[in-house]
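The letters A, B, C and D name the chains in turn, as written, and every chain counts its residues from 1.
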Amino acid sequence: MKKGGYLFFLFLMGVLIVTTGTHLRADENTITIGYSGPLSGGGAKFGKNLQMGLQMAVDQVNQMGGLEVAGKKYQVRLISLDDQFQTALTVSNAKRLVHKEGAKMIFNPSSGGIFGLMAINEKEKFIICAYTTNQVCVTSGNKLIFRGPPAMMAYVQAWANRAMDKFGWKKCAMMPDAYDYGKLWSGLFEKYWQKKGGVITTHIPVDFMKLSDYYPLLTKALATNPDCILIGSSSEPNAMQVKQARELGFRGGFIVIERGKLEEMLQFVPDPNMLNGSIGTCPLIFYPNPSAKKFIKKFKEKYGADQVPVHESAIAYANIIYYLAAIKLAGTTTDVYKIMDALKDPRIQKMPLVKENDPYENEKIFPNGAVKGRVLGVEFVNGKFSDPFPVPTPDWVYTEKY
Amino acid sequence: MDKKRKALCLGVLILIILIIPLFIKDEYYLHILVMSGIWIISALSLNLILGYAGQLNLAQGTFFGIGAYATGLLMQKMGLSFWAALPLGCLLTATIGFVTGLPTLRTRGHYFPIATMCLGIAIYYVIARWDDVTGGARGLFGLPRPDPIVIPFLGTISFESTASCYYLVSFLVFITIVVIHRLITSLSGKRLIAIRGNEDLAQALGINTMRDKVICFTISTFFAGLAGGVFASYMGSLMAENAHFVTSFEMLLNVMIGGVGTIIGPIIGAIFLPLLSEELHFLGGWRLVVYGLILILTIRFLPFGIVGGIRTALAKRHDKRGV
Amino acid sequence: MDEYILEVRNLTKYFGGLKAIDNVSFKINRGEIYSIIGPNGAGKTTLFNMITGFIPPTEGEIFFQGQKINGLKPYQIARLGIGRTFQLTTLFMQNTVLENLLIGQKQTREFPVFHSIMSVKRRRVSQSEAVERAHAVAEFIGLGTFKNTMAAILPHGAQKQLSIGLALSGDPDLILLDEPLGGVDMDEIDMIIELIKKIRDEGKTICLIEHKMRVVMNISDRILALSYGKKLVEDLPEVVASNEDVIASYLGDRYAARG
Amino acid sequence: MGILLQTLINGIMLGSVYAMVALGLTLIYGILNVPNFVHGTLYMIGAYIAYFAIVSFGAPYWVGLIVSLIILFAIGILLERIVFRPFYDKPLINSFIVAVGLILVLENTALSLWGPEFRQFAAPSDKVIKVMGVMITAQRIIVIVTAAVLIWLVHLFIKKTRLGSAIEATSQNPDGALLMGINISHMRGITFGIGTALAAVAAVLVGPILLIYPAMGHTVIGMAFVIIIIGGMGSFIGAVLGGYIIGILETLVTSYITNFFTEAIIFGLLVLLLAVRPTGLFGKPH
């Protein structure tokens, strides 16, 4: 072994000793929020968007002097760990966050990770804040889960209704992403579309993690002469798909699953008119309510004027605000069941922390943990956005199994 | 005298392993220990084919995944008990290992690692896309922990707690070490070393290298499957990513950084590296950058891993004393 | 039993368009030292590789002890009783002399993996037999004092001795030695020649590829001369040495060069 | 018919990218005898450098391409010298680990410095041309033509220059170059540089069509290895032909059979191919 070898060996040992020895253990006056999400790899952008929202809520509360719970002031801290969308890492991270860092709540944005956590969270006593539109996580009976985003079914029906009733589309080619989320979404959509008398001309799941040339798939899809295409990845791959479909001569419309954002897609197509005839979620910036405006302002103050917040950040932000409000309401930082009860307590909407900050002015949280929020849709026609239209969210889309 | 000392050391080590859960109450550290046990089994399995037979199998992580999925599916879809599903899952993995080993082991040199890498990718995609059986990209959830063992008059051993899983995994690690140690110290083990050293010469000496490689490959996939099966039951959920070749990389790193071609090396690597990766979390986004640098530097200065480094150091000291 | 230990009939080998071996036939008698000579590229090593199954012949047949062996795998041929060395000294460099010789033992090559893991007694018995034999071979080839030395750090001559020992360790009837004296010092040459003779005296047959003419003429019972894959002559040393074709194609060059 | 033609053109465009990436990989393999797993990551870096040249500094597309080519050529030489050189006499697996480490370092540095956002730069022309019912954008024609020209240039370099023929000789017979009196370590650096630059050009060419993000290298590296195996590792013609074959095959399988099991089919076929021909289609036998 060379001389460098010894030194290096010593260095390695040193790193281990230092890192294992010095840990910022949560002291008595800290509330820890754990976040496990994709911070590297293909999903990193999504993960970072969420993280920005989470961090913003935490910083805001700390700036106000912390959170007062049962007469005692607490500081809040966020610990983020990378899981690259892998369930095993999510579970490992959660164990670390809960048992080592003292977190009572874990925020996670993938249905796989959430299912992994649901297997242990009641036993190991922590709350899951689920960022998913998947219905199963609120209908499975898990008592320690709450879910931020609206139910998938609300979007499915609203988009399908709009596409058929307003645009008169009948033939739809489905090109959702090849992962769990796209599969669930397109499954629900297919059933509903056919029930309404529509035709699914082809179903081509797209793996957006691969080399992203969509010509081969689009060539195949366009050969079936669809009126519209259902697309469902994040904004940029969606935009590529739109652009390439137009290049191949497609004139119909696009139904955009809510993970994609029309305003972001707009940045990535050379001509806005390419997006004509698209249905998707309404950008947060077009939300008319003052609290949304207030959130955008605060977001830009924190992250820079050129940063436009997306729903991921806003929903994550709202979730933390709710969670912290629930702690205050419950008067305990440790009893997870009491915190869960407080979350569902109608009084929480009246608390100043929530009332002043919730960008969505969420209506309530169902006993199963689903947050009922305000959802708006939008269309893109003639090179610009239409006025937002409300997406109907009857209670059953939040509470029933489908 | 030497034997006695060895036995004593071993005894003390086993005692320490047995009483660890009495001192470590922290759920998180116990979890890390269980995971280390699983990584140890998988690292030893890779080390058998890589360190002794000299074949760089980059599909080992995929076999881990096959074992995990096989065990999980046998429990969930066929309703088998863990105690039946685990051996069946390992056998199934070994069977697939045997069938895929036959064509891939025909290749030599750099073609073998890349052939197995392709094999791993192909199988990964089958697992990731075969919705009806494997659950596709969403994975498998709600896999049960091992069924309690009922011992008449004494009570039952349940595996709900992490500590009990720790004992189960430790036991399996022990079995793995014994089997692999017996294999490599036997005359059959000498054949593997011959294949690693020079395959042509081994053939000229009358060794059926193809048969021995296939057998070794099959045994090593069996243990990869064992690690996977335990993983499935312990974690309760599986994703196709568990069969991805990134898992193979991780195993390979454990083996190489610990010390390839030794029994203790992969064990050290499988404890040390996951711990290092965990402890570097404080670096945030730069964590994997530092981790990568540490890998490069380790392999640069300690080409035979931590164990290799310690050995050379000891040999040097020995030499100095001798003079 | 057949008088010939090895018979090669009409052997031909093409590499692409190149004819490396062209219709060569010969027989080796039991117990003799049989040498194959020829300039570089004459096809000597190719011949060895075909006899030991590493390369399939394009045409022709090879018989060992009356049994047809072409088409068999190298390990099968080795087990029938043909040991060989390689032109470049080929050893298990990272292992000791004893370990090298242990690998070559019959017990080693056939011991089942199942018994390695499951049995206690069989394992111990075979192992001690093999170790005992390996010790014996080490003594026989004259490396008794180097038993625990790693092969890579042996002197070149000792490595050659060890490679012969490896070929010998499976107790074969026929041993093919590919340039056993290649690159060996003068004082080590005699040791290896003695070793070859000693092996012959044990009743084994030896087939030899060698460039050192003086040695070949000295120890061989018969010699086969090849040139560009063709058989020039096969006869007693003195006859071969005086053959004009041989002198022209091979010896001539050398002797002429030495002037 | 129109669809088949469209599919074939899609395949050729994909094949052009593959051929360039695989060509770089195979050159490096031929000389350095290491399977360079970092190749995909360098492809990513190449795309980012062009992005910064074009978007941040306002350089024209072709300037961006050349800047990226030159910088990646230099990076290639540096990496060879600093990272890979100590490992030539070590077993394959050591350079393999180093490659994995390097991927982690480069990719996560890119992630930390430049963020996870998807990026893209504009094509020099957005025109869509319609011929015989086939739609093809100008950029795709640029990709196909530039790739063909570059491959031809590399071919000329290898056949006509002294250094090039030394590279060819070395990859066919490692002792060959010594006879020609060429400085091997010098040649290794140059080859690594050229290989890396080829990956960079491929990335810049598809930059306006695909998305640029830190993990983008993963999407090509697996396929590139498939290609150089099919072509026979180290074989120039094998890599180029293999690139086009796999590009077209992948597109055909995707369009006509399944896009769900494309990889399983292609990688599975490859394992079978290796079982029949253990050194690839164009490779020399052991």
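Criterion: a residue touches a chain if its C-beta (ideal position, glycine included) is under 8 Å from a C-beta of that chain, and two chains touch if they have at least 3 such contacts.
Small disclaimer: the values here were computed from a predicted structure and weren't measured.
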item: Separation of subunit C from subunit A in steps, with touching chains one step apart; value: 2
item: Inter-chain centre distance, subunit B versus subunit C - centres from mean C-alpha coordinates, in Å; value: 41
item: Subunit A and subunit B, separation of their C-alpha mean positions in angstrom; value: 36
item: Separation of mean Cα positions, subunit D and subunit C [Å, integer]; value: 47
item: Touching two or more other chains - residues of subunit D; value: 107-108, 111, 260, 263
item: Shared interface positions of subunit B, touching two or more other chains; value: 129, 285, 287-288, 294, 300
item: Each pair of chains that touches, named by its two labels; value: A-B, A-D, B-C, B-D
item: Sites on subunit D touched by subunit B in the complex; value: 29, 33, 35, 83, 86-87, 90, 92-94, 96-98, 100-105, 107-109, 111-112, 222, 225-226, 229, 233, 260-261, 263-264, 267-268, 270-272, 274-275, 278-280, 286
item: Residue ranges of subunit B touching subunit C (in the complex, touch as defined); value: 179, 182-183, 186-191, 193-194, 197-198, 200-209, 212, 215, 219
item: Residues of subunit A defined as touching subunit D within the complex; value: 40-42, 44-45, 47-48, 178, 204-207, 209-213, 215-217, 219-220, 223, 234-237, 240, 247-249, 268, 270
item: Complex contact set, residues of subunit D against subunit A; value: 3, 6-7, 10-11, 13-14, 17, 107-108, 111, 115-118, 120, 122, 126, 128, 130, 135, 137, 206, 209-211, 213-215, 218-220, 223, 250-251, 254-255, 259-260, 263
item: Interface residues, subunit B side, partner subunit D - complex; value: 50, 56, 100, 102-104, 106-111, 113-115, 117-119, 121-123, 125-126, 129, 249, 252-253, 256-257, 260, 285-289, 291-296, 299-300, 303
